[in-house]
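Pasting in a structure now, in C-alpha cells, and then I'll have a few things to ask.
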C-alpha cells in the first residue's frame, strides 16, 4: 500500500511543479467545448442542452487520453519506468498509485470543463451538481483504471501515444454509454438512474480487477 | 557449501531472430566483484538486464542466493539514471526508499546523501544536475535498499576525468566494505583495476576469464586485443 | 506484500522445445486432428449449399432472405475468435506456453476475418431490404464494436516490439476484449433503449422448412472457423520455427 | 436476387482464398524443412 501512496505523492508533486499536464488537458477540453459550439447545426438553447452530455463526455474522453499518455511519457524520461519495474512486491500497487493520480488530475480538469460548458452552453448544472459529480466520478474511475493499464502498454510500443486511443476507445464504449445516460437524466433533474449506476459500477469493478492483476505482466521487458 | 550470491547457468537470450547471448554460465560469491569487458553489442548489457530482472532469458536458469530471482537483492545502475527531474535529490531518494519498502525512508535518504556527499545539493531538483552529480545520485538510488548485489552498466560513459576517478574510488570503497558488484564496461583499464575477476565477453559468450594475480591492466589488454583479433 | 516476486527462470514450458517443424505436442495433435475434420467440412458444405438452394422463399423478402443462412452463422467465428484469443493469452500468462500464444494469434486473425465478413454481408442484406447500407441492428453493432477491438489487438501485437513482451501485452488486451463482448451486448441490447435500432435484420422467426438450412449454415461456418484456426495455428508455429532457424544459421555480426 | 448471391460469393471467396493462402504457406514451410533435413543428412 505504501508503494501506491508513494507513487501518488510523486505524480502529484511532479504535476504541481511542472503543471504542464493539467494545463494542457484543461485548454484542450475547453477548446473542444468551443469548437463543438461552432460545429453544432444551430445555437438554440434546447439544442445545446440536449447535446451537452454527449459533447461533455467526448471532451472528457480526449482530455483523459491526453493525460494518460502524459502520465507514462513522464515515466519514460530517464527510464524511470524500469525503476518502477525493479521495485519488489506486487505491481498492482504501482498501478493503483498511477491510476489514483490520473483520477485526481482528470477530475480537476473535468470540474473546470463542466464550468466552461455551463458558461458557453448556458446549461445550469448547479441544481444537480452533486449527482452529476457522482456520475462523473463513477465513469472516470472506469476510464482511469483501464486507461492507466493501456497507457502503460501503448507508450512502450513503437506507435507510442497514437496507439492509446485505438486501444482505449473501444474499451470505453460501455462506460461512455452509461456516463451519457446518467448525465442526461441528472441534467433533466431526475437524479441518477439506477441502470447507469449499476452498469458503471460493474464496469469499474471488472476493469479495476483486470488492471490490478494485469499490471504485473506489463512492466517486464 | 552455501549457494553463491549469483548463479547463472547456460543463459541464452534471443530477440526474435537475433541471438544476443549464447549459454553464459557465471558464479559470483558474496563480497566478490566481477567486471565484464567487451566491445559494444557483445551482449553485456543484455546479461545485466537479465540479472536485474528487467529481461527474461530465453533459456537457462538464474539463481540469487540459491532461490529464484529476488528483486530485493539487486541494485541496478544502467545508462539511464531512473531519476525524476522535478523531484529534488532528497525526494528522489525518499521515493526510491518507499518504493523498496525501506523503513524510515527520510533517514535512509539523508544517510545516502551523506555517503555520496550530495548533502549540499539535497534540495536541488535532479533535473538540474550535471552528469557526474546525477551519476552519484543514481548510485545512491541504486543502493537505497542495501542490495547484496550492485549492477553497474557502463557507469563511466559520459563522465569527465575527475568524476571517473571519484567513481572508481567509490567502487573500490564499496568493494572493501564487502559490497559485491557486477561491472559492465568496454574500458580495459577500469575492468582490470576495480574488480577481483574480469570476464571478456565476445558475441554473447564468455571468451576469457582472468582473476587474482593474472588480472593486471597490461595482461588484460593483451589478452583482450588477441581475443578481438580472433573474433574479427 | 509478498517479498518474493514471480521467479524469472526461463519459459519453463516444453512447448518451446519443438520437434518436427516447430510444432509443440499440442499443435501436432491439433494438426493430426484437422485432416479428417477437413473432409467432414467439405461434405457439410455440399449439403449446406444444396439446402440453401432448395430452401423455400420467404414470401415477404423473397430470395434476399436467404442471407439469413450465412450472415448470422458468421457470428460464431467472430465471437468465438476472441474467446480463443483470450484463453490462449491467459494460458500463455499463466503457464508461459508459447504454443497457446500462437493459438491466440490464430483465433484473432480468423476471428477478424469472420467479423469483417459479417460487416460485409450484414449491410448487403440491409441494402437489399431497406435500401441503405448501414442499420444499427443490435447484432451488427456489437460486431462492429468487436471489430474495432480486434483491429486494436492486431495493431498492438504488430507494434509491441521483439520478445515476450508482445505476447504479454496481447494477452492482457485479449482479456479486455473478451469482457467487452458481453458488456457491449448488454449496453446495446438492454441498456441503450434509445430508439436506436428500429430495424432488426433477424426479427422474423424461421418459417417451416427453413430450420434445416439455418442449422447447416451454423454447422458449416462453425466448422470452417475451427478448421481455419487450426490451419493458421500450424502456420504460425512453422513461421516462428523458421525465423528461429534462420537466426541460428547465419552468424549474427 | 443479386444481393443474396453477392453475400454468399463474398463469404465463400474470402474463406477459400484465406484457407488456400494458409495451405500454400504451410506447404512451403514443410518443403523447406524437408530440404534442410535432406541437405544436412547427405552432407552430415
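Order of writing sets the chain letters: A, B, C and D. Residues in each chain are counted from 1.
Going forward, contacts are C-beta pairs under 8 Å (C-beta built on N, C-alpha and C of every residue); 3 or more make two chains touch, one makes a residue touch a chain.
Here the structure is a predicted model, which is why all the values come from computation and not from measurement.
Colleague: What chain is the most remote from subunit C, judged by the mean position of CA atoms in each chain?
Modeller: B
Colleague: At what distance in angstrom does the C-alpha mean of subunit D lie from that of subunit A?
Modeller: Result: the chain centres lie 45 Å from each other.
Colleague: Centroid from C-alpha atoms only, then distance subunit A to subunit B, rounded to Å. What do you get?
Modeller: Going by mean C-alpha positions, subunit A sits 39 Å from subunit B.
Colleague: If you average the Cα atoms of subunit C and of subunit D to get two centres, how far apart are those centres in Å?
Modeller: Each chain reduced to its C-alpha mean, subunit C and subunit D end up 19 Å apart.
Colleague: If you average the Cα atoms of subunit A and of subunit C to get two centres, how far apart are those centres in Å?
Modeller: Each chain reduced to its C-alpha mean, subunit A and subunit C end up 31 Å apart.
Colleague: Tell me, which residues of subunit D touch at least two other chains?
Modeller: Within subunit D, no residue contacts more than one other chain.
Colleague: For subunit B, write out the residues touching at least two other chains, lowest number first.
Modeller: 53, 55-56, 70-72, 101
Colleague: Pull out every residue in subunit C that's touching 2 or more other chains.
Modeller: 1, 3, 5, 163-164
Colleague: Which of the chains are touching one another, listed as pairs?
Modeller: Pairs flagged as touching, ordered by label: A-B, A-C, B-C, C-D.
Colleague: Using the touch definition from the top, list the residues of subunit C that touch subunit D in their complex.
Modeller: 20-21, 52, 62-64, 66-67, 70-71, 74, 110, 113, 116-117, 120-121, 124-125, 127-128, 221, 224, 227-228, 231-232, 234-235, 238-239, 241-242, 245
Colleague: Which positions of subunit C touch subunit A when the two form their complex?
Modeller: Residues 1-3, 5-6, 93, 145, 148-149, 151-152, 155-156, 159-161, 163-165, 168-169, 171-173, 175-176, 179-180, 183-184, 186-187, 191-192.
Colleague: Once bound in the complex, which stretches of subunit C touch subunit B?
Modeller: Interface residues on subunit C, with respect to subunit B: 1, 3-5, 7-11, 16, 162-164, 243-244, 246-248, 252.
Colleague: Quick one: in the complex, what on subunit B touches subunit A?
Modeller: Within the complex, subunit B touches subunit A at residues 49, 52-56, 70-72, 74, 76, 78, 80-87, 91, 95-96, 98-101, 125, 141, 145.
Colleague: Which stretch or stretches of subunit B touch subunit C in the complex?
Modeller: Touch list, subunit B to subunit C: 12, 14-19, 50, 53, 55-62, 67-72, 101, 203.
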